[in-house]
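Once you scroll down, you'll see the structures, which are given as structure tokens.
First chain A sits with chain B, and in the next complex the same chain sits with chain C.
On to the complex of A and B.
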């Protein structure tokens, strides 16, 4: 059937208008206001050029928040996606109870982050939390900690709250794995490949694009992460668990400094674009063929 | 042809869909202003709703105001549960210059933010012309609600804060009375600890309300310099000897004299530890008195076990809570209505109502405690009597520090408790954060 391509831009128009109004215009405003001394306590906005950006690169709190954000993106893109993919590779062989596991593993992902945060706040509670209670019960009292408020354990403890729940990754990778043509797997079997070799050299390469997509999702999830950290540690102790969104919120709410907060916002957008570009290029997510 | 027509129709529908929400019917209720029947509506956003202790008082005042000014003024409550949500909303509205006609400053110093934008109505002439209203302003209330000699706000509630102790736990440890000096206080902590009792209910999260009360009391009573610091709005230097010494004691409190969950814990954790008898003392205001007889929070006989005290070295927090202020409006009639509301909400009657309904301390010392209130809140009467004997007074540290320091306190106290920071480094962190304002 012949497609009249002239209609395509016209039908794209509503979406483009929506994008411009809802995302592009505010994004431009965020960038423009980042060039001003713009505070709630001030009488107006004073143009200061790139002074906020200069402050950004001399701000130790920003350096720490950036470091934490980047580390969390790496952890999420590697450990979280690897775990989700590993579970998908087990489930696609449809072992007994695979549907139950698929559903059960998804449950934490459909609970709101606020509820998850409260649950883990109680799990890690130093006085009556389940972790310290179990450690005490098995005679390991010396290992008990104030997990979320000790600088040595806060970062890994907060990370554990989300890194293990890879339900979305599992679901997406599993859907792709289940769509692999049986003949491909049979051919590998005929050629004498073991199940492990089939997974490693046949199935995984065929899943490269969806894994790339889940990595992009994981990275953006980390760039947006706010509520779980806010509820459990509020970025503390010190700045141990502060990421860029939390820093932005602190500058906006505490210092009432909208200009500098928007500067951090611009940087978050830049990191997001860089992260997506790197992942897309590395895994050739947008290539036409495998 | 039909397909093309359908395509154009669909495109038109999509474009119309985009515009949906941009226009549409105006809301039924006016945002604020005069309605067709001549009644001026004051939309009043408040966090004093739901489970907030002041909610019944505010609801009653709204009801009485609407009755008294029927046909002229009407208040419509906009409920915003949670103090932080309320502050966020007001800040956003400040950013757009579109504040509600009446704002309650509460403990969040919203007055200065609104003044910085020149959005507050000067009440000086109106208050001075009204002897009844003027008489309700104590010196402290004038200080809290005035800037540069001009009155901008009016308080309804006082903030007289000491601490509560569990008489049974004190008796178990052989302690007969609250400490008169800080040395005696820390000795009592040791005695309680030796008896297997956790001396203090503390917190570090949400700006560490309970902990900072002890901390500020130690600063205020350390010297004239410490007291001057406590009476300074938005201090920017925390690097002085009295402060470092007080922080060292806070560190000891967090390390040796409190529950495990205090580090990272919120006020609710501290309150629960005191109400459940797990800790012997908690610093807090009289608004907590109602909790002592609330059987959903503690045992039926708990109220009988609680005693009140002012801090060692004769100190008590005593500063009216920043009150209601009127914001500049395009419609002068709306401003008049807002002024009438502020006057009504901070009148002697309103303060008496708060006292009788919820045990709220009146902002004005001229409002006497009625026999009914005394019978309902005997601990309040006992505490106010003790507070009247205090010789050192100031506002609390949380109310005077820059707002960005509230988070810094919560983030750095756990490091202070773990020993990762010493007192000097903690004070430096606060000074550095203050410099960002």
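On to the complex of A and C.
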């Protein structure tokens, strides 16, 4: 096929410019500025080597944010993905209304997190929120809490805002499960496997790759989680529900310490790479042999 | 297996299965239904009983939401920013994806690999540098700034979907066009884009949802009301409406309805594009 080669760079140019401006240049900047004392714009930058990193490892807020981030990644990769996969394993047998369940379950995932945050801020509202209203209605008044503002309940309450909504996981795992060859399932049945055994020993292993993918997505999502926490607890009370992006935002906007904020940014990027490698290794997501 | 042959154990399991699925639907839909319902209540009704139905549906919440805050302006900003960034994203990425799928040139695979790395970069790590870039371009607190960022945020997903789409279109179509004397650009716009309609819709729907819902960069890249988007404006509502709960619920309802409509209309597209984006590869 004869193609005027001159058009190739022109067709690539917009995408490459977007990539450079919003991904590549900021990525380089985040690494470079983490080595500088870089505060308010216009005050210049001083090279300080790894001082920001030294501060990072002595910063109790960072320890707390890192701890929460890692815990949330674990919870999301295990509980959230397991729930989504479990629902997909029910739906792939196409019970009545399976498409409706898939659609309904996706809805919390496709509306904005700002709205979800506002909704849960009100669900947990101590005066008229659903949870306290129901507790009062059934005579469990003593169990009512200011869920998001009480340090003993804030962490699990915030977690609840995202952990149950596994619509993406369900949709992806379901799509893969529906593509499994009928004959494989028939063969298992002929060999005398119960439906439960078939799911556990035949279907699940065939879904390993997509489950790995959803785990990577869940980990990346939690690593970047900002809006839901910002709107509901803003990391509080104290630092109970803070995570790395929230800490970064606080250092960036509150302290105007850009060098240190970007050091946290470097850490987020590094954790992203580590998490992805670990999950891929653990599940051998890149295996080609099945 | 017919229902006649089900044992008691199987029947119990079947009931449990449907109860569980009903619970899932309840958990997913109840919060949204609650908000929509509450938007039609009065403040007094909400404060006296959080879960009761409104006695007579009132539109005061909506009237207040529209008068207390310029929510229609924010809605307009969101429409402009989302539409423009979605169109640009799909156009630019279709151009790039077409070249990656069809043309041979030196460094093609390396460039494709580098661009798809965008998929794995956690963007909240880059809040300040992205702000610096937008500031340096003179686009801080402008719709153009947000359009630029949103167009880029959907780069990796659109690239993946659209390259797959172009690879699946038979080459014979273009060859016929070239034989007929059509040029590269005309072939792309008049022959290839219409053929890639499915992939373009998928990419556009995902880009629309992401841009419509985006919060974090809107927070960092705007300061005033000129470019404030709808999701961002929600976070100001608690303070702004000072305990006018129906107005706040009305605002949340206004923000979620477009996403739900787009999802309802393009549901199959969303599912297939998500699947294409992560199952293949």
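Here, the second predicted complex is superposed on the first by the 266 of 290 C-alpha atoms of A that agree within 3 Å, B and C clash if a C-alpha of one lies under 4 Å from a C-alpha of the other, contacts with A are read in each partner's own complex, and residues count from 1 in each chain.
Following the convention adopted for this analysis, contacts are C-beta pairs under 8 Å (C-beta built on N, C-alpha and C of every residue); 3 or more make two chains touch, one makes a residue touch a chain.
Just so we're clear, the structure is a prediction, and the values are computed from it rather than from any experiment.
**Q** Figure out whether A:126 sits in contact with chain B (first) or chain C (second), or with both, or with neither.
**A** First partner only, chain B.
**Q** Is A:148 touching the first partner chain B, the second partner chain C, both, or neither of them?
**A** first
**Q** Name the contact category of A:233: first (chain B only), second (chain C only), both, or neither.
**A** In the superposition, A:233 contacts chain B only.
**Q** Which of the two partners, first being chain B and second being chain C, lies in contact with A:18: first, second, both, or neither?
**A** both
**Q** Can you tell me whether chain B or chain C touches more residues on chain A?
**A** Counted on chain A, the partner with more touching residues turns out to be C.
**Q** Under the stated touch criterion, which partner chain does A:7 make contact with: chain B (first), chain C (second), both, or neither?
**A** both
**Q** May I ask you to decide whether A:258 touches chain B, chain C, both, or neither, giving the answer as first, second, both or neither?
**A** Both partners.
**Q** Can you list the residues of chain A that meet both chain B and chain C?
**A** On chain A, the residues that contact chain B in one structure and chain C in the other are 7, 11, 14, 18, 41, 125, 127-128, 253, 258.
**Q** Using the touch rule from the top, collect the residues of chain A that touch chain B in their complex.
**A** Chain A reaches chain B through residues 7, 10-11, 13-14, 17-18, 40-43, 125-128, 146, 148-151, 233-239, 242, 250-251, 253-258.
**Q** In the complex formed with chain A, which residues of chain C make contact?
**A** Residues 17-18, 20-21, 24-25, 27-29, 31-32, 34-35, 38, 46-51, 88, 91-93, 95-96, 98-99, 102-103, 105, 111, 114-115, 117-118, 120-130, 132-133, 135, 137, 148-149, 151-153, 155, 159, 171, 174-175, 178, 183-185, 188, 209, 212-216, 219-220, 230-232, 234-235, 237-238, 245, 248-249, 252, 255-256, 259-260, 263-264, 267, 270-271, 274-275, 278-279 of chain C touch chain A in their complex.
**Q** If we count contacts the way the header does, which residues on chain A are in touch with chain C in the complex?
**A** Those residues of chain A that touch chain C are 1-5, 7-8, 11-12, 14-16, 18-19, 21-23, 25-27, 29-30, 33, 41, 87, 90-91, 95-97, 100-108, 110-123, 125, 127-130, 132-134, 137, 164-165, 167-168, 171-172, 175-176, 179, 210, 213-214, 217, 220, 223-224, 226-227, 230-231, 245, 248-249, 252-253, 258, 261-262, 264-269, 272-273, 276.
**Q** Under the stated contact criterion, what part of chain B meets chain A in this complex?
**A** 7, 11, 14-15, 17-18, 88, 91, 94-95, 112-113, 116-118, 204-205, 259-261, 263-264, 402-408, 410-412, 414-415, 417-418, 420-421, 436-437
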